[in-house]
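Here subunit A shows up in two complexes: once beside subunit B, once beside subunit C.
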Partner chain A sequence: MNLRIFGDPVLFHLGPVPVTETMVSSTVVSLLLITVAITLRYIVCSHPEHWLSVVAFMTVESFDNLVEEIVGRSHTVVSTLAGSLFLFIAACNIAGQFPGVHPATGSLATTSALAVVVFLSVPIAGIQTNGVWDYLKHYFRPNPLLMPLHVISELSRTLALAVRLFGNIMSGHLVVGLLVALAGFLVPIPIMALDLLIGLLQAYIFTILSTVYIGAAISAVEE
Partner chain B sequence: MSPTVTTFLFEAANFLVFATVLGWLFFKPVRQAITNYREKFEADNQLAAQNLAEAEKVRKEIDDTHAHLQAEMNELRASELEVIRRQADQILMEARAAADREREQSHLQASRMSDVQQDRLGEVSAMVTAEMVKRLLEQIGGPDLQSSLIQSACQRLASFSQDSIAPVKIESSLPLSEEQVTEIKDALGSAATSADFRMVDGLGVGVRISTAKGLIDASASGLSQFARQSLVKEMQRQSNNDNPNQSVNDV
Partner chain C sequence: MDDQTILAIVAMAGASLTMALGAVGAAIGESRIGAAAMDALARQPDEASSITRTLFVSLAMVESTAIFCLVIALILLFSNPFIDTVVQ
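This part shows the complex of A and B:
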């Protein structure tokens, strides 16, 4: 078994663009999720009383309620972003449990990309809600001297988001791989279950933190 | 291009596309469905509230109607009860009247029966009396009684006018002596010429003289018949003098 921490094997090239294993994995997961979403949409529109419709209702409602609790008001864009983050990360982590599948969240490039998306979403949401100047003003509060600390804080939490997710998923995957290599197929099952739980938990943490950051930017002027 | 940078950029773009597609294909229609569901739920709630209000209104109307009907029914029941009571009284009165009539008829019938019994008793008593008088006269019968009866008949004949009593028929069961015939002819006067003397059975002592003016029965049979008639008359007179409204028990 080929264990790796950093680095992503290139499967093939599309012209000058190298296609890595992570790209393929995340693409497959995305397509699967979109397929499931389309199916659920069809069921919701055609059979609202079906239990899968109820599952879809509960999923969307839970994300809407989560955002409403954190931000303080209903925000469909933030809710959609939070839901997408959770579903994508959770699906990637679950996909990592299948043999031979490299979880996309086990790559620092993927977690960094997601963290950067969140990092960029924060000022966009803040500016969209409060305006450019009102949003930028909160960097100078309570004292203009603290502005660098605000910037560092935002950068560090972005880095923390990326590294936390990457570290947890990569370590779990690595432990399971080591156990499989050393003890066989059945021994790592408890660790795999723990890894699955950790993966879902990390997806939830990533989503919650992202929502909190975006919610803080939205309500920055009010504070 | 570095695979890491390529992966980073691809993942960022992939997630943005994924989030956009998911938002467009999943979150938006599901939210719309939830909104529609809530609106339908609210509409159903309002409709249910309206239906409930209408049902309450209908129930109240039904209760009012029920109470009204109950009152009407009670009134009808009372009136019907009154009519029935009146009918019962009427029937009772008719029954009492019928019973009274029956009782009066029974009294009348009993009285009639009593009268009939009394008449029969009187008749029987009279018959017995007449028979006893006849037997008594026959037992004490003799020439003196024969003469006395003939003498009595002659005295009776003397009270009639002599010219209008013919024809005369003299009947006797015992043979008449010459003196007795003569005495009768003397009493007949001019009608003696057409007098017809006959012997008949059943008269006992005495004679029976039939005239155009009437019958003079001075025989034992006639006396007993007279006694019988007198007794019957007396009993009828006594009966007529009694209280006609006497009770059956008294009768």
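This part shows the complex of A and C:
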């Protein structure tokens, strides 16, 4: 049995750059999502009454509502980020259910990259809304002694975001692999159904948490 | 026993202890969350959607500690960083 937890096999070399399985699957998922998005945009522009454009409107509306509920006001950039994160992570998790596909989110590199995106967008959102000085001042509140704790919490929550997503997806695949090896054909189907639920749930949680972090940075000064 | 056997035994024992204690903590936390959510649902059935959303988010956040333990256990078992110091 081939147990793969932290490794990522190199498929081929593109010049000096090794191209791994994770890179290929995440690129394929991204291209698929971009194609779907462009098609939906075309349909929305040309046939607004079509049911597909209703689906597109509902998707955008739900992300706008989510952000408005968490941040307190509607914010187009944040809802774009949240929607992209959710759709990418959910598509990767669901793609992992196809035979032979290794989910891109089951590798620590992908989830770390996503978490770093969230980590960097928190100060960017805070500075853009409140200005550099006001944003930096919130680190020294309520007491300057707590500044190291603020910094540590920002770093540790980034680590937690990455490891949570990676651990859930990787462990789901590991359990399915072990069950196939131990019990055989058709036995891991309930676990695979649970994996589908967990994949969507983890995508939702990643989105909610990153929106909460960004929303906290946006409203850091108003308190 | 040579060093490699000792390292293997310690890694296996450490991994199983990590998983056991981590699972206990997460299980207790999740059961408390579930009980509190049931209570809130019984009191305010109108708020079911918001309660369920918060329930799922907090369940996943508590479960992530167990997932951290799983990752640590798998690191100990499959990609132990100290194996290079023993296997020369």
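One rule holds in what follows: the second predicted complex is superposed on the first by the 221 of 223 C-alpha atoms of A that agree within 3 Å, B and C clash if a C-alpha of one lies under 4 Å from a C-alpha of the other, contacts with A are read in each partner's own complex, and residues count from 1 in each chain.
The definition used in the following text is that a residue touches a chain if its C-beta (ideal position, glycine included) is under 8 Å from a C-beta of that chain, and two chains touch if they have at least 3 such contacts.
Remember, predicted model here, so these are calculated numbers, not experimental data.
Asker: Could you look at A:Ser153 and tell me whether it touches subunit B, subunit C, both or neither (first, second, both, neither)?
Answerer: The answer is neither, since A:Ser153 touches no partner chain.
Asker: Regarding the shared-chain residue A:Gln128, is it in contact with subunit B (first), subunit C (second), both, or neither?
Answerer: After superposing on A, A:Gln128 lies clear of both subunit B and subunit C.
Asker: Taking the superposition as given, does A:Ile205 touch the first partner, subunit B, the second, subunit C, both, or neither?
Answerer: Touch partner of A:Ile205: subunit C, not subunit B.
Asker: More residues of subunit A in touch with subunit C or with subunit B?
Answerer: B
Asker: In the overlaid three-chain picture, which partner chain does A:Ser171 touch, first (subunit B) or second (subunit C), both, or neither?
Answerer: After superposing on A, A:Ser171 lies in contact with subunit C but is clear of subunit B.
Asker: With the two structures laid over each other on chain A, which partner does A:Ser112 touch: subunit B (first), subunit C (second), both, or neither?
Answerer: first
Asker: Which subunit A residues come up in both lists, the one for subunit B and the one for subunit C?
Answerer: none
Asker: Using the touch definition up top, name the residues of subunit A that touch subunit B in the complex.
Answerer: Within the complex, subunit A contacts subunit B at residues 7-8, 10, 16-18, 20, 22-23, 26-27, 30, 33-34, 37-38, 40-41, 44-45, 48, 53, 56-57, 59-61, 63-64, 76-77, 79-81, 83-85, 87-88, 104, 107-110, 112-114, 116-117.
Asker: Name, in rising order, each residue of subunit B that touches subunit A in their complex.
Answerer: Counting only subunit B, the residues touching subunit A are 1, 3-12, 14-19, 21-23, 25-31, 33-34, 37.
Asker: Can you tell me which positions in subunit A touch subunit C when the two form their complex?
Answerer: It is residues 3, 5-6, 160, 163-164, 166-168, 170-171, 174, 201-202, 204-205, 208-209 of subunit A that touch subunit C.
Asker: Which subunit C residues qualify as touching subunit A in the complex?
Answerer: 56-57, 60-61, 63-64, 67-68, 70-71, 74-75, 78-79
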